[in-house]
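In what comes next, subunit A is part of two complexes: it sits with subunit B in the first one and with subunit C in the second one.
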Partner chain A sequence: MVRFISIRVLTYVILVFLATSFAYLLAASLMHPEEVLYPPIATKPVPEGTAQAYLNARNINPDVPVFQRYANWLGGLVRGDLGVTTGTNKELSPVLEVLKQRIPISLRLVVLGTVIGTVLGVAVGMLTAVRRHSLGDRGATLLSFVIVSLPTPVVILVVQQINQAIQNRTGFGLPAINPVNPLLHGWDAFLYESKAIVMPTIVLAIFAAASYSRYMKVTTLDVLGSDYLRTARAKGLTRGRAMNRHGLRMALIPMGQYFAFAVGSAFTGSLFVELMFNWQGVGRYAVSAVGIADINGTAGVVLYTGILTLLSATFADFLQGILDPRIR
Partner chain B sequence: MTNPSDMRGTDDAAALQVETDHRANSVLEGMPPSEAEPPEGDARSLESIGRGELLRRRFLRNPGALIGMVVVLLLILGAIFAPMAYQYEPFERDLRNALTGPSQYHWFGVDENGYDIFARTMVGLRISLVIGAGTALLTTVLALIVGTVAGYVSYKGRWGAFVDGALVNLINLFLVIPSLLLLMLFSPVLQQASWLWLIPLLAIFSWMLTARVLRAMTQQLVRTEYVEASRFMGVNPVTTIVRHIIPNIASWIIIDTTLGVSAAILGETGLSFIGFGIQYPNVSLGTVLQAYNIAAPWTWIPPAMVLAALVISVNLMGEALRDALDPTSGSSRV
Partner chain C sequence: MSDPILTVTDLSVGFETEAGHVQAVQNLSYQVRPGEALAIVGESGSGKSVSSLAVMGLLPGSAQITGDIELMGKKIFTMNDRELSQLRGDTISMVFQDPLSALTPVFTVGDQISEVVRIHHPDVSKQKAADRAIELLEAVGIPEPRRRAQQYPHEFSGGMRQRVMIAMAIANEPELIIADEPTTALDVTIQAQVMELLKSAQEMLGAATILITHDMGVVAGFADRVLVMKDAQMVETGDVEQIFYEPREQYTRNLLSAVPRIDQGAEGGSVAGAAMRKVAEVATSEDSRPREERPVVLAVEDLHRIYPITKGAVVRRKVGEQRAVDGISFDIREGECMALVGESGCGKTTTLMEIMQLRTPQQGEIRIDGRPTGSLSRKERAKLRSEVTLVFQDPMASLDPRMPIGDILKEPMRVQGYSAKKMNERVDWLLKTVELKPEHASRYPTEFSGGQRQRVGVARALACDPKLIILDEPTSALDVTVQAGVLALLADLKTRLGVSYLFVSHDLSVVRHISDRISVMRKGQIVESGPTERVFDDPQHEYTKELLAAVPIPDPKVARTRSRNVIDAAAFRGHAAGGTAESSGSVRA
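Then we have the complex of A and B:
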């Protein structure tokens, strides 16, 4: 099992490295942050030496070959330095510092949403498979079908609008935007933050739950027809115990594979959530970085999502190793 | 069921369950069905019918398919003719009526920029439909090429295994790459040329899961006798794939293309919503949603309803097609 997991981790590390390099080279060749030096309203050009110094300090000099810049960036990466923010943002703050500030904000959203969504989806999927053709099954299947067919912004809007309607009717509601309130301190601040996280988590969780429950229903139905479950029933286990001890485990094995790439989609979901709930997380940073032609920032975000995918894929493999005795 | 993209319906799995369910087993409980007189409407009492007719009947028997088809047709007709007949253009400002609700003149109301929402929704629907259909087709072609080639060569010695491994790792690489970020990088650059560039762009980042499934299916088919026979006869591998392998996975391809339409529409609207998709002189459903205002629900509910109706009905059709084409599903009666 150690061998199995270490080979998988090595493959993932190589893939993440390739993906990040690919993203850096693309960003470096497609984006033109040097254009900020030549605004159309400028009356006279920036002196040559100043321009070169400005571009070199940010490793975005278009006169330096793209692979040379990539090598510079890679050298920094080895030393734990992701470069400085570029683009129209001239403040030269290290990307690592920016990410350090923003990752906790995004990560609690992604982790909470994924975990709640997964647990909910597995439970709903299993229940709908066991009680097939019941009213609950029909309702849950229809609901998950509709949610999977909706784009994330629409679901966010529905949740926000419902919150607004409740607030208009009763006077009490969750904070519509912003994860923190700078005016509050101590216990009140904590209370506000835990209230603010509810709606974004609901959005991410129902998306994860909708797709997981669909997969889980299929795998559980596969398992329900198996011989070993009938044997377990024959030796005297109750329906519930047989399902929990033998069925759930086998049904979860193929689910591990979905989980590997679920965090990536959770990142996409959290990007919309951060934009629409005004959270200053990594997703929002990604949108602004691409918007202002920030090469180092974009590469940093890609690295972050790559590592996130790597961790979740490794976790999925680990889970699979525990669940599936054939791998051990 | 070890593949994340195995998109089988719950009905197939249910069929397996019924086969092994002791209550449904005719030997343990209940009488075996009589073989002597097939009831009316049974397959054996009818003249043999063609495959097309069979599929048509199975498809139309599904109420979801009918609803989906009618809604999609209505939306297509609306997208074609509504902008021609309607009074306002998508970028025509009526600032006097900004943020007013639906009225006789502005059917879906006006957003805060004074744009008419109905005009924008219908024009946006045009672009979303074209992008959805185009991307789904292109995605299928890409997935078909990579999937069948990887599956076909995987048994051909060391080099075959190498090529297969390389293609599988390519698929994994594309799965690891955060596709939304790269789309955001490429899209504004290519949009300067034409909005149609969004079609290949979306296709490049959405073929992977289909390719994985097609590879697995091809691997099973390569072992069959008729493919072996054609190989021993010296038939060109491309001809073998086109003549013997693709027809066998065609039903899956059709289903996946249908479901790919809705996935592409969702991708495009998401991208346009954050401002990196369809750009200014054109409108998409995502750009219309961008002008949402929680205090004025009509700014987002009508376009969201149109979008939801489109995606849900395409998905309904896809699921009905799966039921019709899949011989093991529950609806495989005549």
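Then we have the complex of A and C:
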């Protein structure tokens, strides 16, 4: 088990490194943050010396070969330095600091959304499989197809509108935007933050649950037709108990691998969620970093999502190792 | 006579499928008395399994059931799932067909056995139940039961897993055990062990048993009474002697006469095997030229195929080797059928794959018509593909469902560049040769039965006038009556067309009827080889003797002389002294 997990983790670390390297090289060769020094952005000419200093300070000098810049960036990475933001807004703040500020805001959203979404999806998928062709199954199947095929912003707007309608009618409602209220302190601040996270989490969880219930339904249907479940019932377990004791665990085994990618898709969902709920998280930063040609920032975000996926994949492997004795 | 513990009255089971209403069981009535062994026999689709699942109350909700099943005074169909669950595993238990998939892979064997104890006796402590599981494992003959109980099903072989299933079935001393094809997926020596175990477990418990099977040989040694089913209905029922020696119905007679048997049914008076004797007659009435004068079609000399066992993810290192084929030699003459017999994993399939590849083997030599396969050019090898052909085991999977039969038969000829006119003529001839109609050429494989599809498979193998046909378990997926027909066809083709066969099979009794020579394979080696008669009448090697002794004989009198007691009753009773007294003295009548 330890051997199995450590080999897997090693592979994931290599993969994350490769992904981040590719992201850096792509960003470095396609983005042009130096445009800020030339017209039409710059209104008056920048002296050559100043320009060189500006570019070198950010490791984005186009006169330096891209692989040398990559090597510089790698050197920083080894020391735990992700470089500074290189965007056309001329801001010069360490990427690590920016991420440190934004990760706590994003992470709670992504983790909560994924966990609630998968648990919900597994429960719905299993119930719809066991009660196949029932009204509930048909309803859940239709609903999940509708949700999967809707674009994220539409679902966000629907959730926001429902909240607004409730607020109009009853006077109580959740905060429409912003994850924190800087005017509040202590218990009130915590209360506000807990309320603010509800809607964004609902959006992420709905998407995760919709796709997970589909997968789970398929694996559960496989299990329902299996010989060992029939054996379990022949031993004297009722339908429900046989499913809980023998079926659920078997149905969860293939789900482990889907979970590895759940966090990745939750992050993608968080791009829209953070924009439309005005959260200053990593998702929003990723969108703006690409927009303002922030090479180091983009690479930093890819590193963050890579590590996030690494962790969830490792967790999935661990889960699978516990569930399935055959791979231990 | 005591009251029956199971009474099935006028049972009918139907299913609504996409293809319309399917009647799986129709108006079936029978009774089982305490301690009696009833065998329900029938070919695939006869409804024998569905009727037994009905007794367990395990039919899917979509089944339409009429009639009545009464188990020890309780009507099964009036009970809900909870009430039925109290009976299942306690009063009535079941052993299923495929031991490889019947155990939950993620729980230890010990846990799965102790579970069945604890379901019905919740007051038994976890530790007691675990000890009971070990006793049960010991009783069914699992060595080192304490260690084995901690293992998972995938660490057990098929036969061991079926023993575990039996241990679970007898754990609560049921009144009725239903065994649904318990040995179909097992090798013949393992089959013999499992059947002996089941018989002795039944005798020890005094439980009634329903054995569901298609194998008449297994029935003869096990059952007191036999019920023959066909097309969802009962054909005949009676004592085992009456069924085997004086069957009343024509279908029973056909079924029995199609059973291949190793003893050729020389004495004993059982009807079994009558039709197969004719196959043997056809197969042996060939030209009288002695074997030595006929040309050698295939010669295999000192063939090896060794697979390395590697370890390590990044740096692979060899830790051992699997000698799949370990230095075997044989030859096949023109018009001769040589059978390669052995149990699963003995290297039969590897051998024939090596021959079919037509390449240089790892070690040794394969010669076809005197030419070593290693020396062939690409063109010669392509040509030779038409002369050495293969008939596969599963006729359902080996024909492309999207191609009409005619195209399937033309494909090998097209590869060899036959003209369109010649191909059409040959398709007609081939279909007639395998006793199908030429107008069948435009039909698709799904429109044919299993036996007809296997005939198409044989026709395809014959398409380009082959010298040698390799038959890979050609009848093991077929029902016995169909098997008899296909074997008769093969025997006839051999004498008429003079082709040679390499007949690969696990079934000694099938091979007896068709082959001229037999090679018995074990662990990659041929342990015994010789003319069929000699090997059967006077086996030299221990393993051959063991194999022959394990083959069930479809004759109740002969079969009874061979049964032995194999269950460890002392280990089974181990618990009676302490603890769960109520389980041993429960509802025993």
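As a convention for this text, the second predicted complex is superposed on the first by the 323 of 328 C-alpha atoms of A that agree within 3 Å, B and C clash if a C-alpha of one lies under 4 Å from a C-alpha of the other, contacts with A are read in each partner's own complex, and residues count from 1 in each chain.
Following the convention adopted for this analysis, contacts are C-beta pairs under 8 Å (C-beta built on N, C-alpha and C of every residue); 3 or more make two chains touch, one makes a residue touch a chain.
What you are looking at is a predicted structure, and each value in this text was computed from that prediction instead of being measured.
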By the touch definition at the top of the document, which applies to A:S226: first (subunit B), second (subunit C), both, or neither? both
Is A:K235 in contact with subunit B, with subunit C, with both, or with neither (first, second, both, neither)? second
Would you sort A:F145 into first (subunit B), second (subunit C), both or neither based on which partner it touches? first
Specify the partner with more touching residues on subunit A, choosing between subunit B and subunit C. B
Which of subunit B and subunit C A:F272 touches, first, second, both or neither: first
Contacts of A:G173 with subunit B and subunit C, given as first, second, both or neither: neither
Using the touch definition from the top, say if A:P62 reaches subunit B (first), subunit C (second), both or neither. neither
Do any residues of subunit A touch both subunit B and subunit C, and if so, which are they? 226-227, 230, 253
Inside the complex, what are the residues of subunit A that reach subunit C? 7, 226-228, 230-239, 241, 245-246, 249-250, 253, 323-326
What part of subunit B is in contact with subunit A in the complex they form? 1-4, 6, 8-10, 13-14, 16-22, 169, 172-173, 175-178, 180-182, 184-186, 189, 262, 266, 269-270, 273-276, 286, 289, 292, 294-295, 297, 300, 304, 307-308, 311-312, 315
Inside the complex, what are the residues of subunit C that reach subunit A? 56, 58, 81-82, 85-90, 93-94, 96, 98, 101-108, 115-116, 119-120, 152, 154, 165, 168, 313
Under the definition above, what is the set of subunit A residues touching subunit B in their complex? 11-12, 15-16, 18-19, 22-23, 26-27, 30-31, 129, 132, 141, 145-146, 148-154, 157-158, 160-161, 164, 176, 217-219, 221-222, 224-227, 230, 253-254, 257-258, 260-261, 264, 267-268, 271-272, 275, 286-287, 290-291, 298, 301-302, 305-306, 309-310
